[in-house]
Amino acid sequence: MVRKFEGLPRELIALRVARELEDGTYVNLGIGIPTLVSNWIEGRDIILQAEIGMLNTGPLAEGDNIDQDLINAGCQPVTELPGACYFSDFESISMIRGGFIDVAVLGSLQVSEKGDMAGWFNPERGFTGGVGNIGGSMDLAVGAKKVIIAMTHLTDKGDPKIVKECTYPLTAKGVVKLIMTDLAVIEVTPQGLLLKEVAPGVSAEDVQSVTYAKLIISPNLIEIGL
Amino acid sequence: MNKVFPGVDEAVADIPDGSSIAIGGFFTCGTPVPLIQALARQGAKNLTLICQQMGPGSEDINQLVLNKQIRKAICNYPFYRSATQGSKSPFEKAVRAGEIEVEVYPMGTFIEKLRAGGSGIAAFYTPTGTGTIVEKGKEKRVFNGREYLMETALKCDYAFVYAYQGDSMGNLTCRKTARNYNPEMAKAAKVTIAAVENLLKPGELNPDMVHIPGIYVQRVVKVARPQYVPSL
Amino acid sequence: MNKVFPGVDEAVADIPDGSSIAIGGFFTCGTPVPLIQALARQGAKNLTLICQQMGPGSEDINQLVLNKQIRKAICNYPFYRSATQGSKSPFEKAVRAGEIEVEVYPMGTFIEKLRAGGSGIAAFYTPTGTGTIVEKGKEKRVFNGREYLMETALKCDYAFVYAYQGDSMGNLTCRKTARNYNPEMAKAAKVTIAAVENLLKPGELNPDMVHIPGIYVQRVVKVARPQYVPSL
Amino acid sequence: MVRKFEGLPRELIALRVARELEDGTYVNLGIGIPTLVSNWIEGRDIILQAEIGMLNTGPLAEGDNIDQDLINAGCQPVTELPGACYFSDFESISMIRGGFIDVAVLGSLQVSEKGDMAGWFNPERGFTGGVGNIGGSMDLAVGAKKVIIAMTHLTDKGDPKIVKECTYPLTAKGVVKLIMTDLAVIEVTPQGLLLKEVAPGVSAEDVQSVTYAKLIISPNLIEIGL
């Protein structure tokens, strides 16, 4: 599939996600584009949780600020903000699975029109028997009050990631509430995928042309505000 | 009770072939590297490792793979994220060659299984993994209208854990995110061996800040702080 | 996130009739007495209390009983140890009169049920209580040749907890054995209200010594240190 | 039943228990006579666990040493020894049920020849529906590697506590390994109750006369050594 239009850069997908987050919430950011969201929430009243066992993670650490005993789930050196606290991974995942995370922003390889997500296992890696890197993804997907997927609309090879049914192994069923890509903001509703916002210069038809699932065009469709 | 061993080699000397060993640490962070290195020197074979990953941040675990000491790995994130890096990893090669068996669980299930093992709980019901490949072969049950999987306890013969401070009675205090899996792994093992950066006398730790009570720790050994730059 | 309330009365003002409330503390130790007193003033009725005991060290809980605010108690050690003292206790009288329903669990099952409730685990299998009256009506199952009981998760509307130090974001540090049930109760509740002796600013607590992460705590209120002499 | 002989005072039952404990072990002491054991192990390499959430409990606190934030499971003010640590009750009972306590010394209302113990509920209190003070007793009984019962041989009313079958509600089945009373030391074996030691001035027949279960007299029967 050849795309004839440009989407938002990764940093601006992250900015749009950041605008979606409410003050006074606890948020977990996955690896990839979700991690970039942290650049846009500095100074806001949002507390980031890291599944390694930390609340109130600060910006990435650099130079002399790097502490090998202080990393995020993506193994990046980070800093702590005032009011941070540390705990075991057991406590951390208990917290996630127990429903204390208001929003999990995750990447995914595929998302279905029913809100299923498939993000942990790329069959192209060629393993069999269901072994692969699950990490905390399944716990976050079932545990967070709201799951937002932040990803590019298409794979590097140009395949649509938003599909009618996931063909890759699932992370969780029916958990995704909102999909934010370089091209669109799409809400998962009981009626199907509701296209609510499109990137500048991109039409609803453009988005549909690179989406395998049928989109419902919102009567209030707007351009993604940044 | 003085649980101090003179060195890492003495602390792992009696580990027999066929043992199961839980190894703390999240990638490079809070990993008891000197104990893994001692295990490579010691040479026990046919081991089952229980640890987050066998790829990134695991040069020393790779050495165990190259030594052909590993039979099985129980993990939640075993491989390199990147297929390119993965294809160069001794562990991934061994898995593809069918030389090492791998069992993977979601992170929360992985650590909850160890915690159950250490606390006398035989099994538990978690919502994580329902509707996915993880549920394969497992009992499903509905509670209050939601599906859960039954997962069983996991125990092991040894645990290698890491702590910033520890006293001779085995009480351990971790630092920042280096705590991670270490406490629950210590509980799941028959023999827990702790590598500590700062070895203190009883009474020198703040008793309200002990993350791993000494009852869970059978051996303590002082090590130099491993040096690494966090990265995948 | 500033979770500080001006006083205990404001912190409990909206608790409706019929609520379930977990109350931390082991006898007198680590009990959020000022919150219990505020609840007595507030007057909510038809309450379910989840707490270790309703007798010893519970003069303030007795007041809730005398006010006829309690419908049910879920405990592990509800009564006075001494029959003589018990016979004078308003709670024991109310139980004998059929005015208050009591549900009793072994201590480990009691706190594990709350922890399961707070961590998304629906149920678990424990060996405790097998072959006793505790197994009545519960599912039994054998794992590795040993019998276990299935116990289910317990959640509640509110938790009252006590901490030596707390910051305005809800992070709490307990002192010595006053920690006891407080952490798991905080996790099991929709709204956790913390009575803290020393109210600090974010960054003033040692982040490696937070026993109850702020994510579990919705309201924080400074109280004077309760004064009592431990005794049954 | 009228007893025609004197047994050991409570303090000496506790001393005999203390002699049974090995150095290098973790021990939990229940309420009553078991608590008195702590008086006899000062200076020994034995670590006491308190189910409220503490390891290495020291002697009872008195006067200015009393700290209201530091009590044992019996609500007595205690002290801490060097190397003590504190944890939640959740962690404490996990530790107990998980098999980390080498010896639990508990009181009981009845013990059967099969090692069943009934210690938490006295039907004379008159509650119905199985409500009573369980506390940590059932977790300790099933979790400890070894359960020693320390109690008076008879109730205050003179009824034998060692019975063929417990008539009171059970704490746990088949868990008791050793019974230490004012009159005797009795081991629970697969063959039945083995009488190993008797109090000074008390004969095996005396002990049998106040015991409802049949005792096997050890060929090596000795006087309780203190």
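Which chain is which? They are A, B, C and D, in the order written, and residues in each are numbered from 1.
In this text, a residue touches a chain if its C-beta (ideal position, glycine included) is under 8 Å from a C-beta of that chain, and two chains touch if they have at least 3 such contacts.
Just so you know, these numbers come straight off a predicted model, no measurement behind them.
Visitor: Please work out which of A-C and A-B is bridged by more C-beta pairs in contact, and write that pair.
Guide: A-B
Visitor: What's the farthest chain from chain C if centres are computed as the mean of the Cα atoms?
Guide: Computed centres place A farthest from chain C.
Visitor: Please report how many Å separate the Cα centroid of chain A from that of chain D, as a whole number.
Guide: Averaging C-alpha atoms per chain gives centres 56 Å apart.
Visitor: Which whole number of Å gives the spacing of the CA centres of chain B and chain D?
Guide: 37
Visitor: Could you grab the centroid distance between chain A and chain B? Build each centroid from C-alpha atoms only and quote it in angstrom.
Guide: Computed from C-alpha means, the inter-chain centre distance equals 28 Å.
Visitor: Chain B: which residues touch two or more other chains?
Guide: 112, 115, 120-121, 126-128, 174-176, 179, 207-208, 211
Visitor: Hey, what residues on chain D touch two or more of the other chains?
Guide: Within chain D, the residues that touch at least two other chains are 80, 86-87, 94, 97, 142-143.
Visitor: So, with touch as defined above, which chain pairs make the list?
Guide: A-B, A-C, B-C, B-D, C-D
Visitor: Please output the residues of chain C touching chain A within their complex, sorted ascending.
Guide: Residue list for chain C touching chain A: 1, 115, 118-121, 167-169, 171, 187, 201-203, 205, 207-208, 210, 213-216.
Visitor: Can you check the complex and tell me which residues of chain A touch chain C?
Guide: Checking each residue of chain A against chain C gives 24, 26, 45, 47, 49, 55-56, 80-87, 91, 94-95, 97-100, 142-143.
Visitor: Note which residues of chain D are touching chain C in the complex, please.
Guide: Of all residues in chain D, those touching chain C are 31, 50-54, 66-77, 80, 86-90, 93-94, 96-97, 116, 121-122, 124-127, 129-139, 142-143, 169-173.
Visitor: Okay, in this complex, where on chain C does chain D touch?
Guide: Contacts found on chain C: 26-30, 53, 56-57, 76-79, 81, 83, 86, 95-96, 102-109, 111-112, 115, 126-134, 136, 164, 174-184, 211, 226-232.
Visitor: Note which residues of chain B are touching chain C in the complex, please.
Guide: Against chain C, chain B makes touches at 112, 116, 120-128, 141, 143-144, 146, 148, 152-153, 173-176, 179, 206-209, 211.
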